[in-house]
Structure formats: structure tokens, C-alpha cells
Amino acid sequence: MNTFRFEKDGSIGRIILTDNPPGKQGLSFGDTLRNAVIAANRTDIRVLAFTSESGNFTVTKDPAELFAQGHQWFEAFTADVFSSIRMIEELRFPTVASVGGRAMGGGFELLLGCDFLVVTDTTALGIPEVSMGVAPMAGGVQRVAERVGRARAARITLLSEPVKGPDAVEIGLATHFAPAGELSKVTTDLVNQLANGPTQSYAVVRSLLRNWKSSGVASADIAMASITSGLLKTEDAQNAITKASQALKNQQPLPRMTFSGK
Amino acid sequence: MNTFRFEKDGSIGRIILTDNPPGKQGLSFGDTLRNAVIAANRTDIRVLAFTSESGNFTVTKDPAELFAQGHQWFEAFTADVFSSIRMIEELRFPTVASVGGRAMGGGFELLLGCDFLVVTDTTALGIPEVSMGVAPMAGGVQRVAERVGRARAARITLLSEPVKGPDAVEIGLATHFAPAGELSKVTTDLVNQLANGPTQSYAVVRSLLRNWKSSGVASADIAMASITSGLLKTEDAQNAITKASQALKNQQPLPRMTFSGK
Amino acid sequence: MNTFRFEKDGSIGRIILTDNPPGKQGLSFGDTLRNAVIAANRTDIRVLAFTSESGNFTVTKDPAELFAQGHQWFEAFTADVFSSIRMIEELRFPTVASVGGRAMGGGFELLLGCDFLVVTDTTALGIPEVSMGVAPMAGGVQRVAERVGRARAARITLLSEPVKGPDAVEIGLATHFAPAGELSKVTTDLVNQLANGPTQSYAVVRSLLRNWKSSGVASADIAMASITSGLLKTEDAQNAITKASQALKNQQPLPRMTFSGK
Amino acid sequence: MNTFRFEKDGSIGRIILTDNPPGKQGLSFGDTLRNAVIAANRTDIRVLAFTSESGNFTVTKDPAELFAQGHQWFEAFTADVFSSIRMIEELRFPTVASVGGRAMGGGFELLLGCDFLVVTDTTALGIPEVSMGVAPMAGGVQRVAERVGRARAARITLLSEPVKGPDAVEIGLATHFAPAGELSKVTTDLVNQLANGPTQSYAVVRSLLRNWKSSGVASADIAMASITSGLLKTEDAQNAITKASQALKNQQPLPRMTFSGK
Amino acid sequence: MNTFRFEKDGSIGRIILTDNPPGKQGLSFGDTLRNAVIAANRTDIRVLAFTSESGNFTVTKDPAELFAQGHQWFEAFTADVFSSIRMIEELRFPTVASVGGRAMGGGFELLLGCDFLVVTDTTALGIPEVSMGVAPMAGGVQRVAERVGRARAARITLLSEPVKGPDAVEIGLATHFAPAGELSKVTTDLVNQLANGPTQSYAVVRSLLRNWKSSGVASADIAMASITSGLLKTEDAQNAITKASQALKNQQPLPRMTFSGK
Amino acid sequence: MNTFRFEKDGSIGRIILTDNPPGKQGLSFGDTLRNAVIAANRTDIRVLAFTSESGNFTVTKDPAELFAQGHQWFEAFTADVFSSIRMIEELRFPTVASVGGRAMGGGFELLLGCDFLVVTDTTALGIPEVSMGVAPMAGGVQRVAERVGRARAARITLLSEPVKGPDAVEIGLATHFAPAGELSKVTTDLVNQLANGPTQSYAVVRSLLRNWKSSGVASADIAMASITSGLLKTEDAQNAITKASQALKNQQPLPRMTFSGK
């Protein structure tokens, strides 16, 4: 199975997936993912990017390697991976995934836990489990559905139809399209923007989005006052408001600001 | 009113709507629908297709025939039809609707209970109730909204604007578009694919989609482990995994597989 | 801050926003909004339109004016504005917003409480709060998300990317696009249509849409029978059914009907 | 299996369960229940009472009779029964169940669909399915839990512990306790009170309770205005308000009023 | 109708209800309530207590005064009152209601918006609306149900059975019971405790309770991290942790602490 | 901080908490809990019991040890603990907690993730966080509320009032009361019963309870058919049905059965 490692570069964190040869490093996808996420959560990074050395996101080159462990092992394995995906969704800073190749099954379900997904012409995203007589077990069905709606989700999940990069942005499965050859640049620009952005504002809005997607508008309405409380007092807000107010008075556009995350 | 009948052809079931002349067969839409759905649920079919002899899906040619029964009768009638629609949503195999003509009001609400909806150039879908001073009473408003989002739903339901076939696929109200003259072929191909597909995988994914649409991502997350449990042990999964694993090892594309439903 | 006033013209109500010079009329945005909504709720109007004298919808020309009041004042202020927005959503007749210029932040969040939003080429809609180190506090995040889905909402809310008029209709953030120079005409036509429409049917369908957006399909299903009960007995329904039945029997299109709201 | 029949006595309806000898009348529990509920829904009754000739509510004297039909038949059977239970919950008038003996498994799940449950010293209620290696399939787990809370529900459902009549009232599983020998009288009094009560008020409050139990307080809050709209105009409200106002002015207690249901 | 006024005494706020003679002060219940709540929200109080000069909480001595305004006026009136109740629930400090007499209908629904309810032997709480052929329109049904469960809620709301003070605590409808003659003392002690308590901790826990009651455990789980974030940095937390740590090290009980609210 | 270890004894698993001296073993509560839960999930046990060597469940003897790590560390720590609690709730077998002493704060929140809680006269359960100027951050507020209702939850969480063993059972915070000196026996009996019970039935009912508590009755209704599907075919069901059917035919009580878990 493939394995993850966490790297930290200033306020930017990266979780990188390495494709291992079949059987080479044992059943480490779940354990290395969990460890990488826990490590990321304990640092002071302000954005986390998911990339892959091969450009692809898959669990293993050899599914038989997985299924040979028995159904009880497999159900514990997917429960463990899914627990890590929810930990990603609950991180207190934004997350970005970037895929130039194939993100399939559990590999794609992992990326569906991120806030932003950057794709390009060579990207293919899919949920092939049904075509193999099984089903997504790490949250993929409901996360595809909330992004693309019921009709398209029926084709992607029930009929296992893959989605190419440009279509993924068109239908709302991905957030950013990078022209050919610019995947790295578009991703880096977005990651840098987020690393220098208002980290606490991001946390608040991400929480509202999660509340909405899980429990609807009324639930987000109810949590809103508590979640946004105190934000106005942050260092970032105080500085930005001063600058924005000045710009608006002078009828100038808002300046691109840099934030401390505090 | 129009009437339904159920037919079984091997693992394929069909519920067929017949347009009756006004007043000809009494108030049978609700009773024949319920009986057809119960009959379908008791067989061993693996897919259920809804078609209409006339190409249209409407409750009656003469609305006055309905409303003349009084509001108490009418409310009991729609409650009964809606109960059948929810039984359709809860069937343990996938469902397909195919419309070449007009599906309006209660006729369209019925089709909104299906997983797949195949349309063509001559198709028109609509919720005209508001333009008649009443309102959809069989689940149409919320099922249109979950498919096309709030803005388009406001126009379709509040303003009673109908949607043509090609637009229906574009906005996610329908799942499949059939070019002119190919409605029957596209529908048949889809029905055959589903009849030979992994019935138990379909059941699992359909249940996750229903849980998501009714209670959000968190609810589907919670039900997921139980719903997917045991799937790996099915005959279909065991066979498909073996074939898929072989193909992936040989770097071949996944073969189109046939499943037993077991 | 800017101020609102309510005007009534027969069965049409209007809440009009006036841009005041900075500091000119004190902190009146919240108070005048609440009073206008309460006034509207107490009349017998059948539609409520939100317009702005300047064409823009913003809270103030000088954000410093707001933030200078302190965070406790500001949190009470936004709670108060948000309470008015929910009162708008709960009005018993449909609501229309029309924007030819910029609707930003709290001004845009207000319009997201309306059923219909008419835009044109010069319209710009946005949630710039995050770019100022704060966050939307009047329901904007969840109401953008329910309209455009998670991926686009992430860009609009987390990255503060504004949306132009034509794109707003394309992605479902607005309901109606008016060609250049026709904003007023398109808005007026829609408002007149609604003012002469089946007010009680609108109330029923709006309630179902709100139930769906807040609690999902199952919740709307459960409330549906109660919400729709009695509608068939209204004067509007009785008249319209008679006319519609006649038209259908004669195989004529449904006539555009005028309703009394009763 | 046991069978149901519907009887109408003025504004009171009754669905009565007859214990049949094993194998005697085929697999009719589901069909006769559905037919009885549909019949009740089509009349003008104002209350529906569930009683049993033997005093017990069980599906069959011989479970082997059920399970011998195969798991696919059994799953269709329980889906059908559960569909009837939800139809009971959605009736537009209140429902009363009265049990002097044992209500177990599917028989008890049926009664959990009623608004009121009258018990006595000899009553025993239970969910024995887990102790037989299966599980409640007609909504019993969630309906017990919403009545008695998580801790007691764990014992009743997971450990299959039955509940005696007096305890059932104490913990909120039943609503009314009848002293020894008075089950019939207490039930009749309650049924008569409801049959002469404000039927439309009951419908409104029952709908709010269902909305609350399914989707929480916020959802009921949202549906409330629509559900309660128009109630003040009913004949019953007009008459009762006049009488109540008079009594309050005279500082007298409210008179027990009789309502027409209109 | 009765009228409210707001008073501030240091960090304690009070909203006091005055019983006016019939017709004396016009239709001011809703307006004076809204103004009092808005006033309370704009101060720096840390607890808000609801009391009544007469000991009773009712809307009016003469219901005919209310209903004579017509159903449209009445529906707007209850919508307005309900909006104020939700504003109470959303205040950023705890709320206490104290009732020695009768709290009925809209008066009781108001108190159901408070965190704490202190009662005594002479207290009576009730929802008499159904017995008058109408229904609670300000949130009472769902708020009684969430406190006492479905079975007791059915009796209190559908059958209009009132609840006496001691029973109200027993079944969870009220939080505190005051022995005869001590209502004022028990209330004052509680209000003082809250006024000197950790205001920001209260805000966090109140928000979690509201999220739970509206959208269930999963929704509160999702909002929890955001809602609790930053609490550890408050002045109150820093001081209390130091003292608690010291006490625990010395194996002493936790000292009763006084908090600044900051 | 205190530390956990996992032990397996046939089909019974145990997670045991050891109280370590302050500072002795570093910050290991979270890491050892997660590892113990993952280990439990990977075995073939059929029940998991939580016990403590000291009889108490607390995070640390010295809270200053925790808070000294800084608020960012602390928030990551609680997020990690909470992630383990949810993994406990999602285990595929039942869980039992047994407390003879004090379970406070995070220690009590952990036990709230279990299905059964056995207490005795010397037990004390509590959420003291608010009294320390902070708030429960591992799900305690919402899990206390769902067990004891809103009124009692307000006292336990907002006012930090502890609950003694007998009261805990009375109000539904705990499931089983053990008389003095019998805590171990009552716990062992329950654990043995569960270890020999119908593991797959337990999994189904636990999933329905979780669905209900998170998303209400309607959500559990929707998931029910999928979650219960296939249960009738298990070895345990087949054997038990045969025995039960035989007993019922002979009018004997159901025999206490032993199950294989398959």
C-alpha cells in the first residue's frame, strides 16, 4: 500500500503520498495517514496541502492486497481512514488538494475532505467501487453528492462514471482549474495566499460551511453567533479594518493584505 | 384517471402508466400505483422502470374529475400517492424513469422518486400546481429543490416554469439525455446495465444518497459503517475483486463485469 | 450608515435603502431595517420588493464607523440585522430583490433572505468579510452555500471572490437576469406577476422550500401534509381549477390567471 | 398471522386486531393493516383507536410462520408494515392505542405510531427482537428512544428488557395509566374527548410534534407559521374564543367545550 | 395587553411584565417585549431575569382583545413575539425566569426561551391553546416536547393539561424548585451566581445546548471545536485554572470562584 | 497524565485507565487512548469494557500540567481525544463503562461514548469545566443533554452540579445501578451477557440509536431498511428463531440463548 509523510515549511504544511510497490511496505496507508494528520494538527502551520509524488491518489496498486486481509480487517481499515478524513475536515486551518493524475476510490475520498481541489487537463476523479461490487466506505458518496447534486452524483457513484479535470470544475466537484503545465503554479499560488491569509477568519467560515453541509441552514444560523464571536478583536481584523476603511474612504480598491493569523 | 400495471421480465420490472379517457376507470391512479409498487417489491427483480404508453406522465386528463371529490378526499388521495412514492424510494433495487412527452404535477412528482430519469428533445417536465392556485402535495417541491438548487427551484415551483428535456439534464433535474429517436435505446441500455449490475452495491449507495439528502453529510457518515458492513463478503464482490485485481496487476482497464445480484 | 424606509402601493410593498453620507444619520441601518420589515408584515401587501436608491446594497460607506463602536456593539448589531433577515424569510408573501450595482457584505446577506434576485450586467455580488480579517455574521456563508454548492461557496466566501451579474444567474446565486437597461422592467414585471398571483400557494411553497433548506427532504416531507392542508378550499384555488379544467378539456393552454390572494 | 379490520362509529374509528390460529389466514397482517389504515383515512372520523380482541398486540403466534417465507419476503413484509405505521402517524386526526396484555415486537412497533397509549397493571410492552438474534425493523428502536431517552432505550432495545404498564407511564413510554379494571373506561373517555375535540388544532399540534421529533426544534420553528396559519378562522376557534373570553372576563374557569372539528 | 420594561442593575438585567387592565395600553405586548430584549442585548449585563409584577405570565386578561384584531394581525403579532423569543435564546449571557403564579399560553412560551425556570408550590404552567380551538404559535409545542419528552408533551399540548410547580421540576419542565416563601431568595441566589460566573463559558455551553436541541448530537459535535476555541485564553479561564490547579494539588475542594466575565 | 492500555480476554476486550503521578509519563492520555481504541477495533472481541485501576476516570491529577502546554496544544489534544471517543461510538460491538469513584470532565466525556454505564453508591459524575472558566471540549454537553434532557443538563453543565450514582440511574445518565459492593459483579454479568449475545443485532440497534440521536426519527427511519438488511440470514438469527419458535409453540418462555456473533 501507499504511504504518507508530513513536511512543514514555515507556515505551510504538506502531506505527501508515495506510491509503494505492491506488498513492499505492508498495510501502512491508514497508519501513516493518521500519523501525518496528527503531526500536522500539532504544528503552527496555517495551511495544509495534499500532494502525491506520482500525481495519483490511490490506496494501493493491488486491491487484492487489501481484500486478502478479510472483511473484518477491511472494515476496521476503512473506519480508521475515515476517522482521519474527518480529522482533516476539523483542522483549524484551510486545506488544499492538487491532482494531476488519477484520484480514485479511497484516494479520492481523502481529497474530498479538503476545502480546495486543484485539477488540470490530465486529472481523472472517480468512485469505481460499485463497478467492483463493493461501495465507497470512507464518506465518498455523501461528499460527492453535496458537491454536484443528486443527478450527477447518481452517475458518478452508482454508475462509477469518472470525471475529467475540466468537467470537475464545471460541475463543482473541484474548485480550481489549472491550464496545462500550470498545476504546480496554480496550487502554489493558492497555498501561499492561504498561508498569508486571515487564519482565524478561515476557521470561522470553514466551520459554518461544515455546519451547513451537515445540518442545514438553520443549524448554521444557530451556531453562527458563537462561532463568529470575538473575531473582531483579533490582531488581523484590527489591522485589516483600518486599512480597508482607509481605502474605502479614498475610494480605492481594497489592498491585497497580508495577515499574521493572530 | 390514469392507471398503472406492473410487468416482470426476468430481473427487470416495469410499471406502466395507461392514459384512460376521463371518468372511464374511476379514481384508480392511487390504488393501481400502490398495488403495482407492492407487487414489484415482492418479486426478485433487480431494476424497476417507469414508462408510459402515451409518453406522458399525468394524473388525469381532467383535473375537475379529481377536485370534484372534495378537499378531504383529495388530501387523502395525495397522501396515498405520496406514500407510494416513498415506497419507490425505499425499494432495494435501482429505479429508472423515461419520459418522451410531458410529465406534469403528480405525474412528475412520481418520477422524482426514481434514481435515474432519461429525457429527450420532446420532453417537458413541470410543477404547474401554483399556477392553478394550489401546491404540489406529493413531495415535488423539496425533490426539485434538492436536484436543481434554490434559485432554479424557485422558478420551477413558485413560478410554475416548465423545463425542457435538454435543460433538465443541464441543470441536474434529469440524469440522462437521449438524442432524438433514441429514448427507448438509451433507456433500455441503462435498464439492462442495472439489471446485470451489483444489486447489493446499488442498495448501499442508494441508501447513503437518501440519508444524505434527508439529513446531511453527518447523518450519512454515521450510518455508513452499518450500511456498508458485510458487502465485501457477497458473491458479487468476491468475483469482481478477483477480476479487478487481475486487470490492475496486468495494467489493463477494468473489464465490464456481470453480476448475479447476490 | 444607510437607512431603510417602507412604502406601500396597493398590494405591492417596497423597502428602499438610502445611502447616507458617513456619520450623517447615526447607526440606523439595523433599526430602520427592523422597523421597515415589521411595518411590511402588518400590511395586506402580497409581495415585497427590496430596492436601493443608489443601486447598491451596502451597510455603510465607512466601515470604520461600524467597527469603532466596539465588538460587543457590533455583535449585537449583526444579531439584530440577522433577526430582521429571518423575519423577511418568514413573511407570508414572496420577496424580490433587484440590484444594478454592488451588493456587498451585510447588504448582500440581506438580499439572500429574498426569494427572487434580479441582476444585470453591472451587478456585482460579494462577501468581502474574510478579506478584511472578519467573517460574515448575518447568515451569508450558509445562504451562499445552499445556492451555489460547496465548491463555488468556498471561493466566494473563503477567498472573497465577487460574482458578476451574468455569472450569478449561471451558478444559481440569482434567479433572473435582466438585459442591459431592462433591470427595472424585468423587476417590475416579476413584482406585478407575484402581486397578482396565488398568495396562499406562494406561502405554502415558500414554507416547503425553507423546511427543505433547513432540515432536508425528510423534514419537508413530514410537514407537507399540514402545510398544504386546506389550500384546495381557497377562493383562488376554486376559481383557477375551474378555468384550468375548462382549458384542459378544450386542449387549450392554461390561461394566465389573476388571483385575489384569498 | 393476525388480521386487522376497520370499524366506524360516528366520528370514532377503530382498527381491531384479531388473533388467528397459526397458518389459518395466511400472511395477512400487512395487507389487512394497510387496508384498514387506508379505509380510516378516507372516512370523516375524528379519532382512531387501536384495540385487540385478545388484549395482546403481536404479529403472529408462530414466528416460524413468518421467517419461513425467506429473508427477501420478510424484508418486503416489514417495509410494508412500516409504511402503514408512517401512514398512521400522518393521519389528520389523533390516534389512541389501548393495551391490557402483551404488545411485543411488530405489534408494539405499530402502537408506537399512535399519539396516546393507555396501559394498565397487566400490560407488558417489549422489543424482544435482539434476544432472538434479529432487530426491530418497523421503527421501534428510534420510537422507543425518543420516548424514554438513550439510557432506558439501551436496556429496552439492546437487552430486550420488557416494561410493565405502571413503569411504562412512569418513564414516558405510555401516556395514560388505567387502574385495574378501568382500562376500557379510561380509553373510552379519552377517545370520546378527542372525538369531540378541536380536530384541526390537534392536527396542527401533532404536526409540530412530528416535525420536532424528526428534525429538532429549529425545524419545527420554521414550519410553525405555515402549519398554524388560518387556524384562527375555523368555526371551532371562533366559537371557543368567544366562550373562553367570556369566562375569563367573568373570572370563571374555562368551560369544557365541544367542538365540531370544522 | 400586558407590557414589559427593561431595568439594569450593575451586571444584572431584568425584564419585568406588568399586567395592564384590559384595553388600557393598546396592543403593546409584542412591541414592549421586543424593545426590552433589544435594550438588554445592548448593555453589558451578564445575566437577564424575567419576572412579573403580579407573579403571573400571560399575554392579556382579555383574549377577545387579541382575537378581535383579525387573524392576519394575530399571525403577524405572534410572529413578532416569537422573533423576540428567539432573540432571547440567542443572547450571549444566561437567562432566568421565575414564576410564582400562572404562566399560560404566550406567557409560558416566552419563559420557555430561558435557560433556567424557578417555580414553587403555587406555580402553574400550561399551554391551553388547544382547549380554545387554536394552537400555540410561539414555539411552545416543540419547547415543551424537548423538555419533557413525547408522552408528557402529548398530554400538556394536545390535551391542554396544566402542570403544577413541583411536578414541573420532577418532569424536567422547570429547573429549580423553591420551597414555599423562598421563590424570591432561590431566584436571587441563582441570578447572583450567574452574574458573577464565567460569562464566556456560559455562552459556549448555551450555544452547544442550542445546537444539540435543534440539530442533534452530530451537529453539536461539528460546531464544538469552533465554539470552544479561544476560551482557554480568557482572563476568567486563566485565573480559575490557576486556583483550581492549586486546590487539586493540595487535595482541597475547588473554591467557589468569582469571575469577571472577560 | 493518566494512561490507557488495552487487554483482550477471549471475546472480551478491556481498556484500563491507570492514574499516573503528575508529570510522570508525559502527555500520554490522548495517544494511549487512541492506540487502545485502534487495537480494540482490530481484534475479534464482541464487547469492550472501560475500567480504571483507581476507580476514577480523570485526565490528570494536575490540570496545570495540561493547560501549561498552551491553548493551541490543548485544542489539538481535545480534538484528538474527541476523535477517539467517536471511534468508540462507531465500534461494531457494544461497550460498557463501570465507575465506582469519580468520573469528571474529560474522563466522564469518555464514558459518555459507551452504550452502558454501571454506577454504585460511591460514584460521582460531573462536568466541572464551567466552574473553572472553560467548557467541555470532548462532546460532554450534548451527550449529557441527550441523556437527561434540557433542564437537568442545564444544571449539570452550566452550573457544574455533580450527580451521584443512584441519581444518575434515576435520571437516565447511567444505565445500571449496582448495590454497594456489587459493582464488579453487576459489570461482569453485563459484560458476559453482551460477550455471548447476538453481536450483529447489537451492531444494528446501536447504529439505529446513533442515527436517531444525531439526526432524529426520520433519519433513522430512512437508514433502517439498509441497516437491518441481511440480519435474518445470520447464523445467530437462524438458530435463535428456531429455538424461539419452538418455545412459543410450546407456550414456554424464551430460553436464554447463547450466540456465536456470526
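Per-chain numbering from 1; labels A, B, C, D, E and F assigned in written order.
Rule of thumb we're sticking to: a residue touches a chain if its C-beta (ideal position, glycine included) is under 8 Å from a C-beta of that chain, and two chains touch if they have at least 3 such contacts.
Just so we're clear, the structure is a prediction, and the values are computed from it rather than from any experiment.
The chains that touch subunit B as well as subunit D are A, C, E, F. Interface comparison, A-E against A-B: more C-beta pairs in contact at A-B. One inter-chain figure worth recording: subunit C and subunit E are separated by 31 Å, centre to centre, where each centre is the mean of the chain's CA atoms. With each centre defined as the average position of its C-alpha atoms, the distance from subunit B to subunit F rounds to 41 Å. Counting partner chains per residue, subunit E shows two or more touched chains at residues 75, 79, 86, 90, 92, 146, 148-149, 204, 211, 213-216, 218-219, 221-222, 225, 229-230. Touching subunit C in their complex are the following residues of subunit F: 218-219, 221-222.
Residue ranges on subunit F touching subunit E, taken from their complex, read 22, 61-64, 67, 71, 74-75, 78-79, 82, 86, 128-137, 139, 141-143, 145-146, 148-155, 157-159, 213-216.
Considering their complex, residues 38, 41-42, 44, 72-73, 75-76, 79-80, 83, 86-87, 90, 92 of subunit D touch subunit B.
Every residue of subunit C that touches subunit B in the complex is listed here, in rising order: 94, 115-117, 146-149, 169, 172-175, 193, 197-198, 200-202, 204-206, 208-209, 211-213, 216-221, 224-225, 228-234, 236-242, 244-245, 248-249, 254, 257, 259.
For subunit B in complex with subunit F, the touching residues are 90, 92, 203-204, 207, 210-211, 214-216, 218-219, 222-223, 225-227, 229-230.
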